[in-house]
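Please go over the structures that come below.
The same chain A turns up in both complexes below, where it pairs with chain B and then with chain C.
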Partner chain A sequence: MTGRVAISSEAEPDRFLPRAGLIRGWLDLYLTMFRIAILNNIHYRVANYFYMIGMVAEPVIYLVVWSTIARQHGGQVGGFTAGQFAAYYIVWTLVRQMNIIFTPYGWEERIRQGGLSAMLLQPLFPIHRDIADLAGWKLVTIVLWLPIAAVLTLLFSPELSVRPIDVAVFAIAIWGAYLVRTMLYWMLGMVSFWTTRVGPIFQLVFAAELLLSGRLVPLSLMPEWAQRLADLLPFKWTFGFPIEALVGHLTEGALLRGLAMQLVWIVIGTIGVRIVWHFAIRHYSAVNG
Partner chain B sequence: MSSPRTPGSQPAIHVAGLRKTFHVPVREAGLKAAFKSLVRRETREIRAVDDIGFEIGAGEIVGFLGPNGAGKTTTLKMLSGLLYPTSGEALVLGHVPSRREGAFLRRMTMVMGNRNQLQWDLPALDSFELIRAIYRLQPVDFRRTRDEFIEMLDLGELVNKPVRNLSLGERMKVEIVGALLHRPQVLFLDEPTLGLDVTMQKRIRTFIADYNRRYDATVLLTSHYMADVQALCRRVIVIHHGRILHDGELAELGVRFDATKTIGVTLKEGVADLSAYGDVISSDEGRVTLRVSRAAAPEVATRLLRDLQVADLTIEDPPIEDVIERVFASGHGEPGEEDAAANAAPSAVIEQR
Partner chain C sequence: MARREPLRALVLAGRFFRIGALNELQYRANFAMQLFQSAIALGTGLAVLALVFGQTTELNGWSQPELLIVMGVHILMGGVIATLIQPNMVRLMEDIRLGTLDFVLTKPDDAQVLVSVREIRIWQAVDWLVGAVVILFGVTQLPVSIGPGQAFAFGLAFVLGGLTIYCFWLILTVGAFWVVRMDQIVELFDGVYQSGRWPVTIYPGWLRVSLTFLVPIAFAVTVPAQALTGRLTPDTLALAAGFAVALLAFTRWWWRFGLRRYAGASA
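Up next is the complex of A and B:
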């Protein structure tokens, strides 16, 4: 036995940025992660474009079905005209793009293949990597979305009249939706620490989200009990609220209440993620990595 | 190898009574067993690491040897904070690894042969920037360290090529640079030269030795290549079936576990049957290699010189690979002892859950 080391809680502080620059450090980290994600995704721009085109199929089906029903019912259904449906589902395509998160299925692979190990060895809680990676990807795909939105606008003639406050709240709400959904599905994905093959559990949650988020149909067309239930769950704040912020002519109070609800779910989600992580990580077997 | 503690200081790595047990589901083949498992799930308990203890001082390079499944990687993963120990104590630079505190993660690194922390489609330089931001490294210091490592490993323009275009050896070199950019004080290296050609292995060995000297870093290294261990480690810890068989100088291993010497004899005229002097291991182009007991070696050599016309005679320890192979094959804690492997074998306890 030779050397002994002094106990120190800091690792040669002079080589690391001072804690005083904590905010600057986080900003630098996120900007660097965005940059890396953008570089990675520009590399796969063709694949991304085909992905985007494929993703449009779902809202176009909803749009065609609801527009047809509206026409058959004298021009509108539940207060929605064909043009308003068009506006709803065209904005839907952007919101959907914005709230794509690291899939719970990815957790299965991450844990089974040991891909989490490399992340765990670095002094950064892995959720930041996921948030930044997909946020960078969104910055690339928003550019790709613009021509798709233009084509849909030409085809379906949406009725859209917005106020500056609608645009401002929408711009915040799509990122809020992204964070709410990230927290929610991170918690769900971490079930994979206890058991593999968690697909059926995920499917159950996805089904609830489809019905109670405004993804399948605007929530105002749902029965009143379903709308009340949706108010209590996080799904509405990831889909229906951002879309309606732009196309739903919500009052200023409703817009701010919506943002507040997103904040509440982000806080609940962050606490939930921390608690689940605390117990889940003990079950990590770090196989293959 | 342990030494008494002094207030305010401690060994870089301290391990005592460390255990890791995995519960693995077991099911027999067939439909009947499949239905049975629906109501009564059986698991097998695998003790991957079973009550091990050692201390490693700052600046030491220690080889961690054992056959596949011996518990080496599980131990490294516990020491790097990837795995929670089932029981026991582990301290690395005064930190409990499983807590994964930022201050701990900034002071250590783990390099695994199959680890990929680099962005596959981007040049390594971009990944290095990301590492700088994650570890919150001072930009000036980061650039100095990065350029120094690039030079030490002769990476040159390779860092400007997308990682996917690099060969396995080149990729391993940039992986190692990425893993050390924050200049960790403790390095856990799990098969860092796996699959590399001899030249590349040597380059990486030299780099590890230089890093150790320059930064007084502590290194715990596993490798199936004895050349790595011989070049870098004075001390080795041998683990088998989750238990430590040997902790000491590499040179002691042969003395402790292989009580033999090899005697190489070249006769002046022709080849003779030398089986009366010892076990003939090989006979090739007039040179005969004998294995004899360590104690008898001087006497056998004297007899050979006396009885025969000897052109050349050498007495050597057996190659370290052979010693290690014999240790693993026997599973003995001590030569001549009752087979320790019987006690150390992973237990297979059937539980119902």
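Up next is the complex of A and C:
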């Protein structure tokens, strides 16, 4: 099948849900999709564990490098002690797990193999499926993460003292980070509608994110200009902020401001996704639909 | 055939190399893409080094040019893995899962050689070049110059390291005879391989031992880098050689052992 698929992707999904129970309808939908994702992933728990162990390698490397430097410099560098680095990078592992999103590389396959066609047939904007699917998976991996965190805690003895408000903000911020990142990488992934040579673009964004999000090092260790640049970009709200909400002793004002910034980026991202989708879907001609 | 085996393996590898190269040469734009990606990776690596040396003058006794050499060796070995080793192992995993390994086993040649040389990704060889340039640059920044002896030790350690990594990958891949779904292994390896960007001596004891004997990153990256930075003792080089030989022998046995589990096509 070639030619434009004039499926009205814009069709408001709620039109298909019972009007009276709009919220209940959405809730049902999400809960069902969670349940499917959870069952699926419990099934592949060994594969999930492999995956998570591979993921832990990255922060452990950063942690070792920076705590070595801290120890060389009489116990701390840039205001961080080895124990504080340990806390930062152990919390990092959960934040990383939480902000995994549908990979922008996946769009190419979705488009080429026509997987998107099936999604378009459903009376639901496809992003909900991605959000719910990965959120369900996260609920499984949080459980798998607990023993990993315990082992890392034993090995690297983090210094951590938290107030209830830190925990509360953290619990919200990790989901906020997930949504910010989802919107961002949905927009980026949709570039695949125009070109198949997306690799370099993605790599550039990933590199920028690595350096300017707090994923590589706490942002306070970056040069002044890089920190100012990071303030203008969404990346730090997906890594640095959630981590520091728990370990960084932020003031209440800073905590709430952070959540507000996440909300701002979620709104910008949602509008951006809608706009890009509007133009992108016109380029879609399904193969093998 | 048995007596000519080493030579025959080389001839086979050469043939497959030509086919693979011709195949990939059709997609020249990929070269530009790879160049760009390698440039980004290099830029990121340099930024990380700059960050570290913005805070300190040496990391556990390794100076900036010395760590640059470690990074160069890491990129170079990464290029070798991505060009020659990983593509073969991914295809082997796939063949075991689908049962298409039959097509290899029915060929009148050594199956282990065949599965190890079938695939090649020539554009990934950009990283050979990038790695070599970084190493050379690092060497020129060193206060002392490198003699032919050290260069030879580096070459030897690098080849041994490459063999060790090959064995490690094949040992893992053979696991696919038991555990059919292994797709996460590639990511697991890539994640752990990143630890080689730093000399393994900076890691705490348990991790250093794991990165030496469990996942042989130390032999693949740190030992060759030690050769260029005046740290390599004859003992270490001998250990690297002994370990590589022992691992090759074990891999051979393990491959045959795994093969007995193989049930075949459309099973």
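Operating definition for what follows: the second predicted complex is superposed on the first by the 272 of 289 C-alpha atoms of A that agree within 3 Å, B and C clash if a C-alpha of one lies under 4 Å from a C-alpha of the other, contacts with A are read in each partner's own complex, and residues count from 1 in each chain.
The definition used in the following text is that contacts are C-beta pairs under 8 Å (C-beta built on N, C-alpha and C of every residue); 3 or more make two chains touch, one makes a residue touch a chain.
The structure displayed is predicted, hence computed values, not measured ones.
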Next on the checklist: One more residue to check, A:152. First (chain B), second (chain C), both or neither?
Outcome noted: neither
Checklist entry - Counting only touches as set out at the top, which of chain B and chain C does A:55 meet: first, second, both, neither? => result second
Checklist entry - A:94 contacts which: chain B (first), chain C (second), both, neither? => result neither
Checklist entry - Once the shared chain is lined up, is A:28 touching chain B (first), chain C (second), both, or neither of them? => result first
Item to check | chain B versus chain C as contact partner of A:63, first or second or both or neither | outcome: neither
Item to check | Which superposed partner A:72 touches (first chain B, second chain C, both, neither) | outcome: second
Checklist entry - Touching A:282, do we find chain B (first), chain C (second), both, or neither? => result first
Checklist entry - When the two structures are overlaid on chain A, which partner does A:177 contact: first (chain B), second (chain C), both, or neither? => result neither
Next on the checklist: I'd like to know which partner A:187 touches here: chain B for first, chain C for second, both or neither.
Outcome noted: neither
Item to check | chain C-contacting residues of chain A that also contact chain B | outcome: 44
Item to check | Residues of chain A that touch chain B when the two form their complex | outcome: 1-12, 14-17, 25, 28-29, 32-33, 35-36, 39-40, 43-44, 117-118, 120-124, 281-282, 284-286, 288-289
Checklist entry - Which residues, counting only chain C, touch chain A once they are in their complex? => result 29, 33, 36-37, 40-41, 43-44, 47-48, 51-52, 54-56, 58-60, 179, 181, 183-185, 187-192, 194-195, 197-198, 202-204, 206-207
Checklist entry - In the complex of these two chains, what residues of chain A are touching chain C? => result 44, 46-47, 50-51, 53-58, 60-61, 64-65, 68-69, 72-73, 77-78, 155, 197, 199-200, 203-204, 207, 210-211, 216-217, 221-223
Checklist entry - In their shared complex, at which residues does chain B touch chain A? => result 1-3, 6, 8-12, 22, 55-60, 77, 80-84, 93-94, 100, 102-103, 105-107, 109-110, 112, 114-117, 119, 121-122, 126-127, 129-138, 141, 182-183, 185, 216, 218
